[in-house]
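Should a chain be cited, it is by its letter among A, B, C, D and E, assigned in written order, with residues numbered from 1 in that chain.
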Amino acid sequence: MAKRKSKRQLKQGLPPGSLVFTGDRHTDAAFITLVQYNEENAEEKISTDAIIPPDEGNYLLWHDIRGLQNVPLIEQLGKQYNIHTLALEDVLNTQQRPKLEDYEDALFVVAQALSFDETTKEVQTEQIAIYAGEGFLVSFQEKPNDTFLTVRDRLLNGNGRIRKRRSDYLLYALLDTVVDQYYIVLDKLEEIIEIQEREILDNPTDANKTSLYQLKLEILGLRKTIYPLRDAVSSLTRTDNALVQDSTRIFIRDLYDHIIQIMDTVDNWRDLLNGLFDLYLSNLSMRMNNVMRVLTIISTIFIPLTFIVGVYGMNFDNMPELHWPYGYFIIMGFMFLLGLFLLYLFKRKRWL
Amino acid sequence: MAKRKSKRQLKQGLPPGSLVFTGDRHTDAAFITLVQYNEENAEEKISTDAIIPPDEGNYLLWHDIRGLQNVPLIEQLGKQYNIHTLALEDVLNTQQRPKLEDYEDALFVVAQALSFDETTKEVQTEQIAIYAGEGFLVSFQEKPNDTFLTVRDRLLNGNGRIRKRRSDYLLYALLDTVVDQYYIVLDKLEEIIEIQEREILDNPTDANKTSLYQLKLEILGLRKTIYPLRDAVSSLTRTDNALVQDSTRIFIRDLYDHIIQIMDTVDNWRDLLNGLFDLYLSNLSMRMNNVMRVLTIISTIFIPLTFIVGVYGMNFDNMPELHWPYGYFIIMGFMFLLGLFLLYLFKRKRWL
Amino acid sequence: MAKRKSKRQLKQGLPPGSLVFTGDRHTDAAFITLVQYNEENAEEKISTDAIIPPDEGNYLLWHDIRGLQNVPLIEQLGKQYNIHTLALEDVLNTQQRPKLEDYEDALFVVAQALSFDETTKEVQTEQIAIYAGEGFLVSFQEKPNDTFLTVRDRLLNGNGRIRKRRSDYLLYALLDTVVDQYYIVLDKLEEIIEIQEREILDNPTDANKTSLYQLKLEILGLRKTIYPLRDAVSSLTRTDNALVQDSTRIFIRDLYDHIIQIMDTVDNWRDLLNGLFDLYLSNLSMRMNNVMRVLTIISTIFIPLTFIVGVYGMNFDNMPELHWPYGYFIIMGFMFLLGLFLLYLFKRKRWL
Amino acid sequence: MAKRKSKRQLKQGLPPGSLVFTGDRHTDAAFITLVQYNEENAEEKISTDAIIPPDEGNYLLWHDIRGLQNVPLIEQLGKQYNIHTLALEDVLNTQQRPKLEDYEDALFVVAQALSFDETTKEVQTEQIAIYAGEGFLVSFQEKPNDTFLTVRDRLLNGNGRIRKRRSDYLLYALLDTVVDQYYIVLDKLEEIIEIQEREILDNPTDANKTSLYQLKLEILGLRKTIYPLRDAVSSLTRTDNALVQDSTRIFIRDLYDHIIQIMDTVDNWRDLLNGLFDLYLSNLSMRMNNVMRVLTIISTIFIPLTFIVGVYGMNFDNMPELHWPYGYFIIMGFMFLLGLFLLYLFKRKRWL
Amino acid sequence: MAKRKSKRQLKQGLPPGSLVFTGDRHTDAAFITLVQYNEENAEEKISTDAIIPPDEGNYLLWHDIRGLQNVPLIEQLGKQYNIHTLALEDVLNTQQRPKLEDYEDALFVVAQALSFDETTKEVQTEQIAIYAGEGFLVSFQEKPNDTFLTVRDRLLNGNGRIRKRRSDYLLYALLDTVVDQYYIVLDKLEEIIEIQEREILDNPTDANKTSLYQLKLEILGLRKTIYPLRDAVSSLTRTDNALVQDSTRIFIRDLYDHIIQIMDTVDNWRDLLNGLFDLYLSNLSMRMNNVMRVLTIISTIFIPLTFIVGVYGMNFDNMPELHWPYGYFIIMGFMFLLGLFLLYLFKRKRWL
């Protein structure tokens, strides 16, 4: 649970709107990718400093900041595009709940991108903040990995409708990319759940318990990420902000449907995991019970036999059986038959 | 859980609206059944290609596409009736959540038809997508089986009110057919639940546990199918789309009632299954406890007796009882009586 | 669960609005009781055919159909009063969810009357459908028993306000009669629950488990009956249908309060039953544990003693104690004291 | 559960609005306390008959009826103040759900007063019904105890704002008195819960289980009383009835806050009791397990030792050890050491 | 649970609005800190009496009362700023539910500040009440510790926007300070939960159970504090009170986001704790089961061996094996092998 640690303490006592980066500092420097495009043209510039975009050409400017440790750079961009201090604060505080802020001339969305770490088998989150205004969009990524590669490719290669649209569609496209990656994470988790399911149905071990608990935590984490995102996108479908065109709205509604579907899946998993845990417990206790039952039956068969041999180990002067020539063999045979009879009895009663 | 696998990965990175079929490819070719009808007349044409319908006659045209692997065919139909790309994408992505999309001049409904596979005892889903506009309706079925046979028969045989109505009523009739089939699936599941119930009350075995878990999964799946359909049909009863006539609305409300009834049943089952699982667990643990108790009582009777015979197996020089002429028989009789007394004691205490 | 079986299958493939009776066919013929009354006068006619009511006299006509197997009779009444086909279908499909349909000039209510079968100790349901229009009311009962006797008596004897009122008040009076009978059923169930409660607190047996499960099912069934009825009556309090007079509304609100109270009781019982089941399980496991503990303690006392007698059954040449004159008696006394000491120890530790 | 018995059966078949007292008949006669007051003056009259109040003086008249067995008296008051029959029926049916009825010129509130019976350690309920109109208020109490003593004192002593206000404020004051008594009951219950908590954490016994179950029932009962009262008071804060002055509304909102606070507390307790029950069960099973473990360990140590002594009790001709001079002592020492070793082993493994 | 004790009893019977302090009396005297500031100037005065503020200078006056035992002082302030009696009553009754009261010309907020007591490892609450009007704000703190130090510093040092704003912003700033402290408490609790988690996964002991129960209580308490605060702040974002400027609203919305985030965290913890408790129980029972299994296996191996040695302890005249020269050694060897075989068997069956 260590990574979920709140970093608010760092900021304790500072006035609201103070810009302090609270995420993990990645060693690589932060850098900006600027894509400027219009219907005819698209160009990409990469820099570690702020890039002054051209004034002419009716370009749509997409600043993609990767890595947040360079606070002055972010402040500069904030001034350039007149971003509200509280929004910038949310950008830097990487523990934000996904949300939509509806400014008069801009939209600000915070989301959590998910990826699945194959090594630790854990879901990783990365905060994505997007500030979209008329003619520009600034996206802030916590880590330097290239989340929006496919969108940039579509922009630079000029196929599809994306070059003809405004910043609202770009905002949608970025969010869609983030949500598409959720499906990959879900598939990975589903694989893990299926493996657990098979193991628990076949042969439950101690390890399954911890795995199920970890899965429960992952599901809890997913819900915490997805539920507020649903609310944010739902607001986006209904916003009357002039930035959002009607033709884009239908795409946002589609995105909303995807999130709902993901939520359904995750909620189903929660029920499924609870069912699995119950199944696991009952399977395990049944196993244990079976072992105990078999062991107890072994004891139960031998205890009367031990009594019998005890009888003939008594030292009474007058014990006629002891002097029968075949007494020993008779009693051994009798005990053998008794043992068999008890076994048969337990078998018939389905105790064995 | 294998069949629930998301196929979004296939589409990862493609722009939204890209048409890729994500369902299972059935070997049979896809084909179209076109029913064109008006109040006087009804005709059926079957083809594996798109069918150009007649311009005259004020026919209502129902294209019923069965099998979705022929993507170009679907694209052609999409162009012919001006269907939104996102709707077509939903048609081909056969893992859609049931929903209603309210376009200005058309209605688009996605639903999941259910059938019960007698062999695997599992509920099968098939995605049904219906796009209804003024004077036409296109239905897309994932599999080639004839889901809408009864509706087509009613159309061709000309009985009932269906030939006099417009595409909104046909849309209702198709959805009603889908929902009617839910009842069959519910009846099958109810039979299975009843069998489980009887077995668990009478004689619970290990197999019941897995069956209950499978049933829980089925119920979860049903809920995932029915809840969004309810929302979709509820929206349909309230839509102000010009396509939906007031005289149809009352039928849609009736359909809505049916879905609610199905939902009630399914929700009830969920509670019932939880109750059954608790009952199963407690029945099983009681059985196990009974076995252990009986075994323990056998041991408990013989352990004091074994002690007694041990006493007379001791080798002390001076043990008067050993030299009594009937000592052996006295002690054997005493132990017999002691055993009986213990049995009686346990019986009276209701331990046996 | 057999009686809850859906009969939709019978109708599979028929167009909506087809009239097929899906309830149990009672051997007695269906018959109609017509009560025609105005403020001065009230008359009762009984027939197995449709009764043509008088045109004059400003009578309010109440047709009470008991038994639904005579479908043509119901169709005839439907035509006579212009009842919607879907409403008639609901009348005949006796598995309807309680509901209110608000037609322009009429109200259609479906409810489930409850009765308690003393023999099977089960709650029986009977579908009641009421179609009320201006100047008439038709009630459809599934079974021939006289549910509305008290209302008819009040009408014929002319006491109370009922003769002065219109069909909306009669509708209320019939529903009130149905809901009043719920209280009787609740009282019966409460008795059963109290008996279970006492048994479980005093002396839980295996039978309680099944009884609790049956009660849970009954409660689930009640909820399924009462919740939608609450919604229906709630709509009735708020309907703007011209049929419902303001002076009646206050009575309907009172009816609504009664249903809410019943719901509260039933919901409380659900929690109470869950609590009882937990209590039952823990009581039972405690009993079992007590038995096992006592048995184990008996063994635990005798096992060391058996070891001791084993020691003196060894055949070593040199075992001085064996040759002591009172060795045997000393060792017997020692074992007796040891046994007492262990008993005392276990008692002091509260293990016994 | 006996006291929760519904008494609707008594009224089965009577038309709605029939006045039958369904509460417990207390031996004392019912009586009326009339307090008539205005800003200058306040007077109290006590009688067992209806009291005709003075016409002049602009008095506010508060009739406080204690005990409901005198039905004619109540009917007379009902006529005097034009109280709706259904309201009077609610007054007499002492199993009412708390509610607010908003008549055109009057407000009718039903609440349940709570008190804690120190002897039975149970919460007692008493139905309070209040009918407030312009210039008068009639309160109906089920039992003769003086619930509203403090309010009457404040009226007669003339301190505070109560004498200056109208019947809406008096209605508030009475409800506030009722709710204030809830806090006393809550404090008593809290004490009991705390005692249970301490016992369960320290030393759980069989009695705790029944106590927890009783507490659960009490909490369920409280919720059934408080939830509808919250709804009633919430309606009262929002009612547009001319009777309620704006200056009173703020007090009613304050009352509403108190009820919400009580509800929060009760809801918290429900969770807390569930947690306590889990804790109790696990504490108890842990204790039991500990006992069984210790007992089993004793057996496990002696069983191998018993085997060893059995070995030297065998009668083989050739058993060299038997003839060693110190064989007996060696083997005794060995067994002693083995026993110690096993003890040490179990201790190290933390099994003991 | 002692500290949660309601103190309403003290006030039983007093009219509403009576001012009685119900919190813990701290030994230190109550005192007031007055900060008067405008954009240019800020001054601080501390006194144990009421401070008459200057009339001129367009100062915003913030009275910060710490300690509530001086009731006359609070009454005087109430008169000075025309605070409603019920608000003052809420100030003194330190068990208030957080809430917002929207007076015509003022806002009244009650919140609970949280702090974490490192010694008792418990969350402490302190009631904060804030009454903000045009040009002034009065804050009431239950305890004398300096909760609002950072805000006062920002005011006196004049940095940031706070000096330019009105009382609505100050109200926000104070609430923000309170909520910021929640994060510290959450971090502390998270540490404790993490420790519990690690212990339970590695090596659960009896102490974890009590700790988990205590944590559950803390979480319940937190929820009781945070949920109503969320409602209050939510109302504050939507209030149309003239006091709240639009520029402040965005900050309040930010505050609201923080509370929602805290709520999410706390709700997640509740699920997590339930999961941990299940895990704890199953871990513990598994441990216990393992111990019992091993012990039972030891017994099960020795019981047949004991039977065998019993056989050769029998005193039959004719037992050939006894006279074999190496009979003893053969039988010992056989038993050794049998023991090994049983061990191997149990190992292979994974019972050991």
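In this text, a contact is a pair of C-beta atoms (placed from the backbone, for glycine too) under 8 Å apart; a residue touches a chain by one contact, two chains touch by 3 or more.
Computed from a predicted structure; not experimentally measured.
In terms of touching chains, how many steps apart are chain A and chain E, taking the shortest path?
1
Over half shared numbers or under half: where do the identical copies chain D and chain E land at their interface, same or different?
Different: fewer than half of the residue numbers at the chain D-chain E interface appear in both copies.
Can you check how far apart chain B and chain E are, centre to centre, with Cα atoms defining each centre and the answer in Å?
Centre separation, chain B to chain E: 43 Å.
If you average the CA atoms of chain B and of chain C, how far apart do the two points sit, in angstrom?
So the centre of chain B lies 26 Å away from the centre of chain C.
Counting only residues that touch at least 2 other chains, which ones in chain E make the list?
Residue numbers touching two or more other chains: 285, 292, 296, 299, 303, 306, 310, 313-315, 319.
Give the list of chain B residues in touch with chain C in this complex.
Residues of chain B touching chain C: 150, 154, 159-162, 173, 176, 180, 183-184, 186-187, 190, 193-194, 197, 201, 250-251, 253-254, 257, 260-261, 264-265, 268, 271-272, 275-276, 278-279, 282-283, 285-286, 289, 292-293, 296-297, 299-300, 303-304, 306-307, 310-311, 313-319, 349, 351.
Please give the residue numbers of chain D that touch chain C in the complex, ascending.
1-2, 4-6, 8-9, 11-13, 15-16, 84, 86, 95-97, 99, 101, 206, 209-210, 213, 216-217, 220, 224, 228, 277, 281, 284-285, 288, 291-292, 295-296, 298-299, 302-303, 305-306, 309-310, 312-315, 319, 321-328, 331-332
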